[in-house]
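One structure follows; several queries about it will come next.
Just so it is clear, A, B, C and D label the chains in written order, and each chain counts residues from 1 on its own.
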Amino acid sequence: MRYGLIGSSGRMGKEIIETFKGHDLVLEVSDTGIFRHGEPEIIIDFSNREALKTAIEMAYQFGAGIVTGTTALNQSDIADLRRLAERVPVVQSFNFSTGINLLRMILKEYSSLLEEFEAEIIEVHHSAKKDAPSGTAIMLKESVGRDLPIHSVRTGGIPGDHRVFFANEGEVIEISHRVISRKVFAIGALKAAMFCAERENGFYSYEEVVRWMQKR
Amino acid sequence: MRYGLIGSSGRMGKEIIETFKGHDLVLEVSDTGIFRHGEPEIIIDFSNREALKTAIEMAYQFGAGIVTGTTALNQSDIADLRRLAERVPVVQSFNFSTGINLLRMILKEYSSLLEEFEAEIIEVHHSAKKDAPSGTAIMLKESVGRDLPIHSVRTGGIPGDHRVFFANEGEVIEISHRVISRKVFAIGALKAAMFCAERENGFYSYEEVVRWMQKR
Amino acid sequence: MRYGLIGSSGRMGKEIIETFKGHDLVLEVSDTGIFRHGEPEIIIDFSNREALKTAIEMAYQFGAGIVTGTTALNQSDIADLRRLAERVPVVQSFNFSTGINLLRMILKEYSSLLEEFEAEIIEVHHSAKKDAPSGTAIMLKESVGRDLPIHSVRTGGIPGDHRVFFANEGEVIEISHRVISRKVFAIGALKAAMFCAERENGFYSYEEVVRWMQKR
Amino acid sequence: MRYGLIGSSGRMGKEIIETFKGHDLVLEVSDTGIFRHGEPEIIIDFSNREALKTAIEMAYQFGAGIVTGTTALNQSDIADLRRLAERVPVVQSFNFSTGINLLRMILKEYSSLLEEFEAEIIEVHHSAKKDAPSGTAIMLKESVGRDLPIHSVRTGGIPGDHRVFFANEGEVIEISHRVISRKVFAIGALKAAMFCAERENGFYSYEEVVRWMQKR
């Protein structure tokens, strides 16, 4: 695949380049500028709201699909992506790991049985991460299906821990996820890119990519 | 209810007596001897293999049901309980907490989706607990549905932690349970006793008690 | 010892009564009222700011020492206790466990070597605990010796978990304490009461009781 | 510095090459063979017992110091390194992280105060790690200063977690270390290499490198 990368100088950028070996990096957008030497079929975006706008422009320009993991998006960003998705395939998620998506499925299914328990989320990320709570924690809270406190710890170089607690007077259940290496998101982004390669258009979450992967 | 208690001087014995306030303790079997001043309708057993034999004898003698949480049972103990269950209701489980039974349901259902992950269990209990691995860890391993290592830590006064890990190169999922107070097992035993009160006979696990509780 | 108990109907009250078996409970102050049938030599207080005022009045009245674990005290409460300590022995602490006091010693000693690490505290307590952050977390932060975020989780029946994290880009150090049973605070209170029995007056922390215990 | 790298194709090899940017890689020993195009001043070894023998030969050959993090060494390997250390500086450790060395200092100093607690270690590493218990766990056990169980979990891609527990009937203290990225060992190896550059000979542990770093 010929691919473009938005946020190539960030932590995720390096992982994407390593994981997408064998594919053709024809476009790079980073702090240092825009470098293009070909037309991308798919654009991989792990940047920020501002750079995402550039990504969307380029998607229109080249008719390229977008796989975006940028967090801290607002309603208008999502609306822009949905509009683009009428033309090209778009996969948008706050978390491209298999583990978190399995946790979401478990929480969605068992939340009614866990109603008697009090619930909280603790999420831990590296100190450079500006947004809090994390996009992943917001997704997990939605899966639990009720309002609950999210505690955001920003410290050191931790890639991403999410811990969902259910407690009552006598016991505590914990359902957690820990990222060992950001490579796991790059692998998810690659799967999402392959998913897009088989589609004309549409707005998809990473959950649908996971389901598609299981049937293959 | 008129109830009998096997193992009344142990840690669980004290919790049972406190939780079963309002019910009539008519029979006690402990290290110090057998004390009886009535006929039990149900016998609660949290003891050991040897005392369980006494419990079964008394169940036959009084036509009483049995709720047993004694661990480290072998095939012949289970066979004895199943035989008794032709006459009276028997609830047998290695763990009477809602949390562990929810974990079993989650693990049984999601184990196929977790096949690509390596799995391990770490269980931690107080240093006086002789059996290892714990009966609960064995149940959780059965729910995962594959052979996996169980690490048994025996230290201090910890009531019971069970942690099931699924890991691959990039991420770790953890599904855990922690007992805050043994009272949680006594509450489960009480629910199981009420379950037995509505039945003539039969061999049941605590899972079925949990399901029955949800419908009420 | 003849002792008084402030907060006898709370969670700690029950633990104190059980741990102080063999000693003479001559005074009880709780939600239901004041019950006295003797003169206390020592008053044990695990209540709240308002009830602590009653405890201090009685300490003056009977010339009794005070062992107080009430949290959420302010400067004026501490000043009242220091004034009382000119007359009788007073042991005041937010945590009467050996473990937390060892953690404080470790943190105080090693904080300079840990300067390059970012530090955070996560503390978890039962949902009925009103004050946040916990008094223990405040003590641990003082031992670390710098400003740092404290995340307070209030859920279920958890007696008290305190986790101090030091993280940099490549590694995380965690120094934690978990209460298995509130009995540990009652045992600490008893040691503090015995400490007071050997003193005329003075304002002491539980750390000094721990040091005294080691020399005996 | 002109340096040699033993184990260049392994996980640590890649981290060393990235961390030692700016220094001159003149010698590589890996599964694929020996590549040399200069004379190393220092040899960095993160391999296995067999390759370590090659490292020692080359150290004699070039008069180069050795920084070795290879685990699962036996007494005769250590004796060989000590003999070499009469000629050149040798830094040998099972763990080149600041965090673990701080843990060792804390454990060595506080083990007498923790005598009443039962102690255990749980260590978790990636499933390709053959040796168990880990060299680091063995070092931590030596620092605690008593015989204690070590539970070795081998799963997924976890770089290295070490958790030391002290528990009694009422409380648990945990002192733990988690590696976020193996880069932390490469940084330690670089510090050890700089330490060797200032010495003629001698057999040193990484603790001495940490002390030397603090004085600079």
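What we mean here is this: contacts are C-beta pairs under 8 Å (C-beta built on N, C-alpha and C of every residue); 3 or more make two chains touch, one makes a residue touch a chain.
Everything quoted here is computed from the prediction, not taken from an experiment.
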Comparison of C-D and A-C (more C-beta pairs in contact): C-D
Self-contact between copies subunit B and subunit C, residue sets same or different by half: same
Subunit A-subunit C separation of Cα centroids, rounded to whole Å: 45
Distance from the mean Cα position of subunit C to that of subunit B, given in whole angstrom: 36
Gap in Å, rounded to a whole number, between the CA centres of subunit D and subunit C: 41
Subunit D, residues touching no fewer than two other chains: 156-158, 167, 169-172, 180-181
Residues of subunit C that touch subunit D when the two form their complex: 97-99, 102-103, 105-106, 109-110, 113-114, 166-167, 169-181, 183-184, 187, 214
Complex contact set, residues of subunit D against subunit A: 156-159, 180-181
Touching residues (chain side subunit D, partner subunit B) in the complex: 117-120, 122, 126-127, 149, 151, 153, 155-158, 165, 167-172
